[in-house]
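Shared between the two complexes below is subunit A, which has subunit B as its partner in the first and subunit C in the second.
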Partner chain A sequence: MFFKLRTYRPPDRAPDRHAANGLLLSASAAFALHIQRLPWWLSLGVCGLVAWRYLMENFGWRHPPRLIRWSLLLAAVVAVFNAYGTLLGREAGISLLAILVGLKILEIRSLRDYFVSVFLLYFLTLGAFLFSQSLLTAGLAFAVAVITTAAVVRLSLPNALPASEGLRLTVAILWRAVPIMLVMYLLFPRIQGSLWGLPADAFDAHTGLSDTVTPGSINELSSNDAVAFRVDFAGQVPAAHQLYWRSLVLSGTDGATWTRAREASAVNAESWLYSGVGEPIDYTIDFEATGRRWLVALDVPVSVPAEATARPGFILEAQRPVQNRFQYGVRSYPAHRAEPIAPGERALNLRAPRPLSRRVRALVDGWRREADPVRAVLRYFNEQDFGYTLTPPLLRENFLDEFLFVSRRGYCEHYAAAFALLMRHLGIPSRLVVGYQGGVWNNAGDYLVVRQADAHAWTEVWRENRGWTRVDPTAAVAPERIELGMNALQALLAQGALPGELETATIRALLEGRWLARQWHHLGMYWDAANTAWNRWVMAYGPERQQRLLQSLGFDTPSWAQVGATLIIGVAALLLVIAATLLWTRNKSDPVTAAYRRFCAKLGKTGLARRAHEGPLDFYHRIVTARPDLAADSKPIIALYVTLRYGNVAREDLIDQFRGRVRRFKAVGH
Partner chain B sequence: MMEAGTKKVDLAGHGAAAALGQVIAQVDQVILGKTDTIRLALSCLLARGHLLIEDIPGVGKTTLAHTLATVLGLEFSRIQFTSDLLPADILGVSVYDTDTQSFRFHPGPIFASVVLADEINRATPKAQSAMLEAMEEHQVTAEGKTHALPQPFFVIATQNPRHQIGTFPLPESQLDRFLMRIDIGFPNQEAERRLLRASDRRMMLESLSPTIDAHRFTLLQRTVDRVVCSDALLDYVQALLNATREAGWLMHGLSPRAGLALVRAAKAWALLSARELVLPEDVQAVAPAVFGHRLQAASSDGNEGDEMVERLLRSVAIP
Partner chain C sequence: MRASEPVGDSADEYVLGRQRLYMLPTRHGLYFALLLLVMLLAAVNYNNGLAYGFTFTLAAVGLVSMLYTHRNVTGLRLTIKDATPVFAGQSARFPVYLHNTSKTRRPGVWLLSDSYSRCVDIAPHSSHPSSLTVAAPRRGYLPCPAFSVASAFPFGLLYTWAKPLLPINRCLVYPAPGPRLPWPQDPDLSHRHHRGQSVDGDDFVGLRAYQPADPPRHVHWKAAARGAEWLTKRFGDSTGGVVWLDWTATHGGDVDGRLGVLCRWALDADRAGLRYGLRLPGLEIAPDSGPRHLHKCLRSLALWRPVGVF
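Here is the complex of A and B:
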């Protein structure tokens, strides 16, 4: 069988060139795992060390003298300290480890040194998980571990072993490690919070929405392809124009910048939770780490996840900044019952900086006479020469005036901000909502992927009898943004098309793209689905799930000591099973062989040990020569052994006779 | 040897052990002091294998071959290989017969039960390969017609050690056709004295009479097939083969064919030792002759074949 282990005698001399090259290959792979994190000079240095060793192994270069090795070591330590200001911590530690492993490989002399290097390489590989625990990292680290294990196997076996056998043995060994891995995964004590108390630099990249909006600020997100969150719908998936993921509600403004209004927190905190109308939508969100507290939910959430609190404006907020990816379930209703607006809230959402420029005032006064000012403003955006662009001109002094009469170019933030301001001037309470809109459906995993690029801003206006109502002025300018999503819009803009002027079918045809691009897109979906499965099934096993597992195992309140003990017992039991099966397959010798071994052992005590390559007859002749007194007793034993083992005879009576004679055999020394 | 516990070999009424004992005794009279060599040669023939004797001239290679053929009652012919030997000189030619107005095939010296190919490495590769093909196929194709060779059919080839001048060493693939390669070596002091004192070996050969005949020899060969070879022994053979494949000091490992040859030769050796089962000792006894010419040292510091086999045997434990 492929997974069968075979025992080999360890090599009796230094590994050959090929075994050494195997180690160098594994070292290169382990270094490659870190190359994007190491400074360039360090990568170069480590490559140099490995190359040096390669020349030593293959082209007879001499060992570097001690002086050079010590100077290299000193230089490496100084350089790392210089670069990071410390030798501790994640980045500096891994850099130092990498360069030290390189130096160790350079100075290898004995077989022991090779093995020391191998274990350092395993440790270096493990270091990759300090930075990332994604599926990609796990896969790459596993590949490196396979290469390193193959290198150990190659170092431990006779030189001329065929490569295929080495590979087979590697797989057989790793296969046996799987159960141990599982036990460690399930039982290794899981710590709430960051692993090993990592320093603060472990979480530094904050992405996503910010707490304030100045038209132009989401811009950098539009090119950010990172996943913001993934959504799994329990039932029907809402249509694209319903997918408004709200995160923040901004009511305060100075005309240019929108902020969260402090006063708002006093107003009806959670009353909206009970106001859902219509068919509920249930969904689970895999939320990526942001380092902030805002979460996302569809309009209008009615349940609050355990880790979150409800905030005014139908929004959910995490209790702690989100430092790790986490999962939460929400129920939303597409509509909600209107409730009377509190006077304070009304005043807050009507506050707008004055004065208006003359031409804006004229415009506002015109709309004030309309029956439906909201519709009138939207129509204005739609019919006038407004355009959607991701690279709008900079607006400086008077945002509203410049935007409405000069630039007329912008994206969601511009339209939402302008619209909200106009509404306030028209006496309609309105506010800015920031979040995400749309998302891309992943067929491979049946879930919605929302990226940072899908960030969006829209407005809500207060209507009598209808309460807060969503109005998205961007849809009046570029309906594609809502109907087809940000991806499609960006593709269109890249092709020079003008949003709002093409038939949907034409657009779809334009977006269909080439075959290769589509396949690439599909591949990407599968990769994302695999990542999501990894996050859901592997990474999500945290302290709570472990607690639950342990409780199901019978620990009521598992203590660290208990978990540790369970882990040790579990691993020990597995190791015993593996060792037992190995010994069993090795020693499943029949009673005849076992008895013969005992016979040989008895003689061995008198100094007449059977040589490993000595056949029974040769052994007998030696016994007769050395100890004629034992000849008479040995003769029938040897004869029976020969018959039973080599004569294809399996008679129980002869076996019993043989074992009896061996048992009675006494080889007392002279 | 010791037979306790093992049944005395009853060779199906042919008295094989006794007969073989006589054969060895007869040959022993002519080739003095070389019992083990004679036993190896005889077990090679019993195992239906061709034999290559490699030694310097004058130690009795030809005499051994001739004596064996005579004592076994087999038809003997001899081909002296020279550099101008042609394939037709070995296989035979068709000659126009004026009486019958047709071509008639005149069989060459290869049509005999025991063919002595003397100094086979003196001939050109062309002549060698004609010979070796006959050895493999047990038949000869001449001018489009196939002629079967007699049964049994053995080639005993002799060759001078390769470092002599003017020779065409046999390639590995052809060496593989020989079940065993043995050397004879110098006789010991006592044997040499007897040799010098006695009459000419060739005269003795003429006075020698067959102990058995071709038919009985065939029966003996079949008896070899019935010698028991247990799984435990096959484990050992496989361990030896694996060791050759894993040993860094060998150029390459041995083929399954070499393993087969080893088992067959060990069976014959066991029969010669009057045993009906093969022991690791039998394998060890024939291994140098069977493996010696099939192994090549990885380094060129000139390990002799037999030494490599000894090293191999010492390094492999009997399971």
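Here is the complex of A and C:
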């Protein structure tokens, strides 16, 4: 049989205008968080709903009838389905949620409606993290949460607290909640993978390198400013012309398109490890999500991170598609010990399917007689009027012929593909390497930022005694691309300069931006550094890091039960500490009460103790009856106490007078 | 019609300590917990660090708000005093002083009884006068009802309340004044009235049933406007009149009805400044006047119990 506890719950109250306006503000902020993702008509519609409610609250508009609300909902669902082809998934889900919040806010009549709206708003705010986990998103989302919570504070009070007071209180609570949040964040068991299947669009469609290269097809990456990865070097930072980040090796070609050769997997991938030459370079890569499996490593890696596998061609591949940003450390050597090429690999890298046109064949035959055909071809690119452009003419029929004799314009893919094909026709094994070249050094955070626009393609040729050797034909045409980086090259191209034909001084003058632009650039660096720190220390916290943290806390083989118990104990201990800081000052009672207690204590010593529920006047009557001799001294004390306590006055002089009289009061026992 | 004399000063004092306070989530608090669970599932499923952080922040804010809810009520001192007497049918107001001895403001503190709720906002280091209002349907002593102090501040997700307080305070409830009936007997006044329509003296001495010959300015218009029967105000010299308010003159009816008539007469006599005495079975109060006398009479009427057979 349970003891039935009588509860006294403060009555629910319908939300007033202040509470509703606070919610409208937070709803607007939450919608603003998503506005770039919502279709324009939906943003407009949601704004309309918020405005409608505003007019209802402040200008006496009427509640829309139920029929209108339901029709709006139905129309919105149909429109969302039309726009996305589904009602599930991230984008459609957020759109639906936004509509629901808007309609619910329009509907609010009772406290229950209000709380439903608040909870939907919290969920909508959470939704922003599915699209971005940047520092900015986090800051904005927490701001929205604070506004929403402040609106709730005002809700529970009939005599509306001023808005600033609600906000101040919310921030104070949030501030005290931070340590508890951290304990939960660090200790809540993290698991690898997901609980159930995620919708197809659960992760962003990422841009990045594609698995094939078709020179002459449209170049998508050169204008993409998104960060591909960031690099922290443990020691010396290599020079710009050494920063070749390899991702893919393409050996298969039909003359136009280059692909990864299936046969290559026959080669033992592990054979290339542990054979670096020169000074090792150690670095950590902060890799952005790609949705693919390829990773990047500086030419040429000799170690394989735990999350990756080694593949032929000195490349690293993740064990599963990279859906979240992650970090890995690699060691590379600038050169590699030559090992004999396997016959299969040699044949693969000599395959040149298309026959050469007559004029190309004449060229090739000329080079064949040279002592160093590689140098001859590079010289040819450099001395003839080949040009670098990001908007080359499309090539259709015979790539090599058209490129060498007609267009003579292109970017890295064109030069690398043409060069590799020529090498193969000259009997030198060669292949295409795709990855990134260069990067921009961030002074604020001391790391290198490599963007999608830094994507690059180059070639490798097999030389006796030297093994696979990097040759970058683009450098022969536009050395600025390699020496100054893609950023500078684009700036030069934008100003109409022709790469490969400029004096260094001219380039410097061209690149030296205006003061404001430079400051902006600096600011951008600091912002990127802050984001990087955020990603590294906050967002990268996953199962592995948790494991390491738990081990450092003394759990050798942590069981979830132990960790769960630690979590609960930690939270409880923190709550106790916060409770102590919040409630501790309470025991110091106010001066009037303290003095009255002293007065009662003095009387108590004479055997005239005040009873627990005895009011001051009743007590006084008893004093007069039992000890008439004390009546004269007690009377002003009692009178002052009653005045101070029940008169709702707190005059300092009266308090002083009261305390003085209590101090002088003497109760001598009989 | 409220008597102004307090009956006594018995005051009950409570301090809301930890042992007195309970706390439970409200319905919205339970839904909030459900929301957190769903958010946590989303965070786990998408393996989303910020979603974890956001969910745990809201959860931690909920936990810390528990302390704020507790702080809003704990340590609050209450003094409850006796209500000033009222007439049956009116509401008794028990003064409740809430003393906030802490340096934090306490908004959204509720006084709750079965039939009454009131929200107060208490400034730091101050006493807030409030009251507990209850209907007083019957004459006699009305005990202060059991009540509690509760708060759902700041978010309305949790609420705390004190173990019901059972103050010893009470309210004296006078009988409801009956209808205005003519005086039981007033030989001193009636002969003056017969002398004509101009009445000696200016003092209002009472009311009697309207007769067509009465001057219109003496009609008790306020009562007439309320739809009551027409009455005529009578004026006279306040000195010298002595009236005996006698139980036997109230002609039948139930006990409360007859006490009500006596109550009305006592009030009218007091207003008229008459000296009046009260005779109840087993009780007699000598004629006198003044507020103390009125209270003494009304108190007797409130507490009178029929003795023996009548």
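Methods note: the second predicted complex is superposed on the first by the 463 of 670 C-alpha atoms of A that agree within 3 Å, B and C clash if a C-alpha of one lies under 4 Å from a C-alpha of the other, contacts with A are read in each partner's own complex, and residues count from 1 in each chain.
We adopt the following convention: contacts are C-beta pairs under 8 Å (C-beta built on N, C-alpha and C of every residue); 3 or more make two chains touch, one makes a residue touch a chain.
Keep in mind that this is a model prediction, so the values were computed, not measured.
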- Query: Between subunit B (first) and subunit C (second), which, if any, makes contact with A:618: first, second, both or neither?
  - Reply: both
- Query: What is the contact status of A:181 with respect to subunit B (first) and subunit C (second): first, second, both, or neither?
  - Reply: second
- Task: Kindly classify A:41 by the partners it touches after superposition: subunit B alone (first), subunit C alone (second), both, or neither?
- Result: neither
- Task: Mind telling me which of the two, subunit B or subunit C, contacts the most residues of subunit A?
- Result: C
- Message: Contact-wise, after the overlay, does A:639 reach subunit B, subunit C, both or neither (first, second, both, neither)?
- Response: first
- Task: Answer with first, second, both or neither: which of subunit B and subunit C does A:16 touch in the superposed model?
- Result: first
- Message: Per the definitions at the top, what is the overlap between the subunit A residues touching subunit B and those touching subunit C?
- Response: 8, 158-159, 161, 612-618, 645-646, 648
- Task: Enumerate the contact residues on subunit B facing subunit A in the complex.
- Result: 1-2, 4-6, 228, 230-233, 245-248, 250, 276-281, 284, 313-318
- Listed in rising order, the residues of subunit C that touch subunit A in the complex are 8-13, 22, 24, 26-28, 31-32, 35, 38-39, 41-42, 44-61, 63-68, 70-71, 74-75, 77, 79, 81, 97, 99, 101-103, 107-108, 110, 112, 117, 119, 121, 125-129, 148, 150-156, 159, 161-162, 164, 168
- Where on subunit A does subunit C make contact in their complex? 5-11, 111-112, 115-116, 119, 122-123, 125-126, 129-130, 133, 137-138, 141-142, 145, 149, 152-153, 155-159, 161, 169, 173-174, 176-178, 180-181, 184-185, 188, 190-196, 198, 202, 324, 538-542, 571, 575, 578-579, 582-583, 585-586, 589-590, 593, 612-618, 645-646, 648, 650
- Query: If you look only at subunit A, which of its residues touch subunit B in the complex?
  - Reply: 8, 16, 158-162, 612-618, 620, 635-636, 638-640, 642-643, 645-648
